[in-house]
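Each of the next two complexes has chain A plus one more chain, namely chain B in the first and chain C in the second.
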Partner chain A sequence: MKKHWIIAAALGMAVSLPALAQDKVKLVDVVELSGAGATAGTNWKNGIDLAVADINAKGGILGKQIEIVHYDTQTNPGNTRAAVQRAIDEGTYAVLGPVFSGPIGASMQIAQRAEIAQLVGGEAAGLTKQGNQYLFRTSLSQSAAMPKIAKYLKDTVKAGSVAVVWVNNDFGKGGRDAIIPELEKAGIKLAVDVSTEQGQADFAADAIKVKNSNADAIFVYLNEEESARFLRAAKQQGITKPMVGETTLLGAKVIELAGDAANGAKGHVGLSIDAPIPAFQEFGKKFQAKYNYASDHNGLKGYMAVYMVKWATEKQKKFDKKGVADTLRGATIKTSEEPGILIETTVEKNGDLDRESFLAEVKDGKQVITATLPKINP
Partner chain B sequence: MTAPATHSAAPAARRLPLPAFVDGTLLTLVAAAVILWFVPSGMGRYGTYVLSLWLVMSVAVMGLNLTLGYAGLKSLAQAAFMGIGAYATALLTSKVGLNWYASFAISGLLTFAVGLVLGFPALRVKAHYLAFVTLAFSTLIWLVLRNEQWLTGGVFGLSNIPRPSFFGLKLDGALAFHRFVVVVTFLLAVVLWWMIRSPWGRAFTALRENPIRAASLGIDTRMYTLLAFAIGSAYAGFAGALYAPLVEFIDPSPFSLSQSFFLLLMVVAGGAGYLLGPFIGALLGVVLPEWLRFAGSLYLIIFAAIVMLLLIACPQGMSGLLERGWAKLTSKKEGAR
Partner chain C sequence: MAEFLAYLIAGIATGAIYALAAIGFTLVWQTSQTINFAQGEFVMLPAVLILLAIKLFGAPIWLGALIGIAAFILIFGVGFKLAVVDPMIRHGVLPLAIATMALSIIMKEGAKDGFSAEAQKFPSFVPTETISVFGAAISLQHVAIIAVAFAVIGLLQWFVGSTRLGRQMQATAQNPTVARILGIPVERMVLLTFVINAALAVVASVLISPIYLAKFSNGEVIGLFAFIAAIVGGFNQVRGALVGGLIVGIVDSMAAAYISTSYRLAVPLVLLVVVILVKPEGLMGRKEERRV
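For the complex of A and B:
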């Protein structure tokens, strides 16, 4: 009987908490904190925490402090759906996350039905093709990044044939499916198509496959740690052809892990703490100071997601859940209006983003930006 | 894992003027179904969804309970069978346009048939070796689900899986679909209850307890081993057929090897060989982590600690614990009389 009273008291407190928290606005982040997506999800979560701390220190959104709650999805669609449903039942102002496309696919209809904006970290091209008016990306989609890579391979690297090495998860598969038609359009031959596993330790066989294909260049589309392992294996096999990648290949973590083997890697960078934008580097330093490791692009995405919500709320001058989505759709967020967005960002009608991006190369263990690419629709 | 085989006939049932076939387990099932029919009305969509998910997982665990708890076959492929059922239902309802009931039946038949085929090795190999055979099968199914993108959608999964309707009544809402899940789960549980009490159930238990004696008593061990495995697999298929419309999206991750281990954990934690064990096990596996979310990032650690403590305190799972408690209570009362 005593137990019942304790439970009742706890429930009572839980119910009365929102009443106490009237001067707060609740944001729920539903993200992969365990399972296959844990690395990406933890970066995303830390980026969000950093943004929330910054905003709260400066007085919150329209005078209200942000109350942030993180729910783990276990990288499982069923659990993601439960967590997003819970977030909405608890009256979240907007849903942040998840990062992996599968869990996003499982949960996006719920936020859509509730008419609540959902800001996700997913890059798979298909997400924004389903007519969901409440889904927003926080990075370029693969269908926006890949044409830039194909053009780079053709004009700058002057490759006639390319080996594509990709990781068989939704991130890698999405990238592979987006680059191959672009290569075809650019008249570049696909020398070999190499699928690898998430968490794979030994890339020697894959490197040999790539070497035997005699491709003019190698497009590497793997997660951070796997990218580093592949670069090392490629060096061991004596591959000298240019390694071209997208965002992850040139990331700080890959350079750190791959050491010398990373030198000469080049490609396209969307969000990177090494980009020649002071705000990005500033974010990178703050993140490093707080969490004691370098953020990847997911940390930046999480950070920007919170600022997208803040910007939309301040633009509409009220806390209107549906209004957040309406305000974001088709908007251009300038850094002069909201410094926290870090880089001028245009939100397209379907929830895709358009931003400047960069071409970079790794020289002497450092990422060097060689060119800035304009927005697709400036 | 060596729970006593007969436990269910609660003394209460004997005193009430009920038909002879009614026992405590059946009464509990009926009462639980009635409660679960009404309970979510004030719970919001999240609570309702978690309850539905619990019941769906219970169906899969019931199947594994039959193969492991009653027939003693250690299978690591239950999640893979659930995947076969889920993908079959998803493809048949969304791509072919078949209605859910037919898809449900086909999912069950398909997993039953695959279970029969996979069950053949069970005749030759036992214990660890059977676990390896099912482990390989589980990995194989996962690879097919992930790599055959033309059929399964690969890592992107299948979305917009329709929910069934009931004689023209739409079941798209959370509450309506929950009630539908309650009814289907109840029916499947009653079928299993009947089966366990039938000579089949006795034969399954005999297989687990002493296969040589079972054979010497004239039980066709080959047929019963196969049947136990196939029926258990069919229940996973039924669970999958409910899971797909519940989540309205599937990808390979909930059907991976680690999920098979998780289902195994639910059987053991709930009490292998008890008919109500799967419900308790799935409650531990599905609802407890959700309830522990208030603990923030520690919730999975707390969950793991609870499960470990439970299994140390009571190797027969929650059902064993409840049974011991019940036995103590009743013996005290009888002593007082």
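For the complex of A and C:
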């Protein structure tokens, strides 16, 4: 008799499983949880988890709970391609991630072929110049950020010459190729062009080279850990010239790792929990409470990526994978329509974003916002 | 001149770390005739264990350092010898070398999963200030690395060459059979060698981690460069490892400064090829003949 009950229960569960599955929408996050991109990827993942928890607590998307799955790419382009393909094979509604531009470039064609929206954290200018209608950024591109940096170097820092230190990957090369023409346009001389390697540990020689260039300012465009190592090496070499960067240099993780050496670093940030936007600050508090550390811009990017998917789905009033991309292209997401987007965001036709951004400086181990810059096309 | 001096000091400091790790290669080679491919991870792990001890026990830095160092020397000095070397050595040096490769992966992945995949700040025991020498700004951290590394290597040389225990270690390394006949406790000497290797790795780890930050993948580069240093200097000589480490460190720094950062990894490898072609026993090594 007992055996019959067990069989009946098992059959009952088997019948109810598809119903349970239908009550959920699956999102797969393909992200750098180890390797050189671990810092950025971990923040991105935690931001996504926070958004999913918030949305599910409020009833999900169109009544469906989000089922989130994270795959670690190990910051390896080959692994990223495999993970994106796996995500699509498993029926993901949209692909979230990765964050590093190189792995994005290597994997974006897979989601494009499947006509599934891919929301990424990469900033390399070239990503959205390839006509991929399914790729969407969650941050400003280098093309949008670098003119602001060059203007800042000229007008605020008053630099006549700048040393450019960049990491030799898609992110760094894209940034270097974007900033140098902007410096030329601003009449700023390139004092020295220093290429470094992803994952590089020893920056003593690079710091000495920069110091001896006698540049008025140093533009640092490295990933998080390398930024911290460079700042420490620069301090060891007694470099006192202004360190200027774009978002990464002023990130929470860089400040934590670089310690005192981060003080005085300046630059442009696309997203920051310290920005004078109440929704950003609220996100920062929730993130800190849940993970016991301060989120950097990648945490915000991950959070907003999920809300971009939610907004597009609710806008089209149905779950249509292809429709997510169609709805996002050219849209402006207002906080009044979707508070989870945190700041009014315009998605351009090519997948780039336009929104307000900020100038910041590190003071006493904290990022301080010094000015708010308007959207490029208000 | 000031610029060259700054590059030179930075290179010597990096080279001193490579030398400490390279000496570990030579010690293991001399006692077990094998290569410890986990040597880079031996330098990575103590910093991770120290931070872990601070995090787990809420210990102050000095206590965390003591716990981390003691745990490392016990597990990867004594434990490495008892659990990896002793069971594998009787099957030949190749299985042992492969076992150290496996150990390297286990240590790296263990540090990643058990601690963090992200780099972590490691406290510096020296102020991050600079001093001016002939117009060059020299980092106090680099000066401290050079001073401590040279002091430790000097102490090791004195211990091996001038103490009874050290000479027993030397005799064991040169000919364990004869050493046993002479009444030297060979097993204990071999164990002592592994403990010294672990202690040298701890010193290297504590010196370099404030600059490199504590991260599970740090051992990859350190292990590779220390291996090159040991071959360049001579695998069978402690002083060879010292010379090799310094040469590789200086070459690396000069390559980054005057050639290109992109090619800096290649330059020490070119040096390695040249040394193997011209003086295969290494710059300070002695020729060994074996009957096969």
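Criterion: the second predicted complex is superposed on the first by the 358 of 378 C-alpha atoms of A that agree within 3 Å, B and C clash if a C-alpha of one lies under 4 Å from a C-alpha of the other, contacts with A are read in each partner's own complex, and residues count from 1 in each chain.
Heads up, the rule we're going with is that a contact is a pair of C-beta atoms (placed from the backbone, for glycine too) under 8 Å apart; a residue touches a chain by one contact, two chains touch by 3 or more.
Remember, it's a predicted structure, so these values are computed and weren't measured experimentally.
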| item | value |
| --- | --- |
| Touched partner set for A:225, first chain B, second chain C, both or neither | second |
| First, second, both or neither for A:208, with chain B first and chain C second | second |
| First (chain B), second (chain C), both or neither touched by A:168 | both |
| Which of chain B and chain C A:149 touches, first, second, both or neither | neither |
| Touched partner set for A:238, first chain B, second chain C, both or neither | second |
| A:95 touches, of chain B and chain C: first, second, both or neither? | neither |
| Partner chain in contact with A:259 - chain B first, chain C second, else both or neither | second |
| Which superposed partner A:33 touches (first chain B, second chain C, both, neither) | both |
| Where chain A meets both chain C and chain B, residue numbers | 33-35, 168 |
| Chain A-facing residues of chain B, complex | 44-47, 49-50, 53, 146-147, 149, 154-157, 159-160, 243, 246-251, 253-254, 290, 293-294, 296-297, 299-300 |
| Partner chain C, residues of chain A touching it in the complex | 33-35, 38-39, 42, 168, 194-197, 199-202, 204-206, 208-209, 211-212, 225, 228-229, 232-233, 235-238, 253, 256-257, 259-261 |
| Residues of chain A defined as touching chain B within the complex | 14, 33-36, 70-72, 74-78, 81-82, 85-86, 88-90, 101-102, 105-106, 109, 124, 126, 130, 168-170, 173-174 |
| Chain A-touching residues of chain C, taken from the complex the two chains share | 3, 6-7, 10-11, 13-14, 112, 117-121, 128, 130, 137, 139, 141-142, 210-213, 215, 217-218, 221, 252-253, 256-257, 260-262, 264-265 |
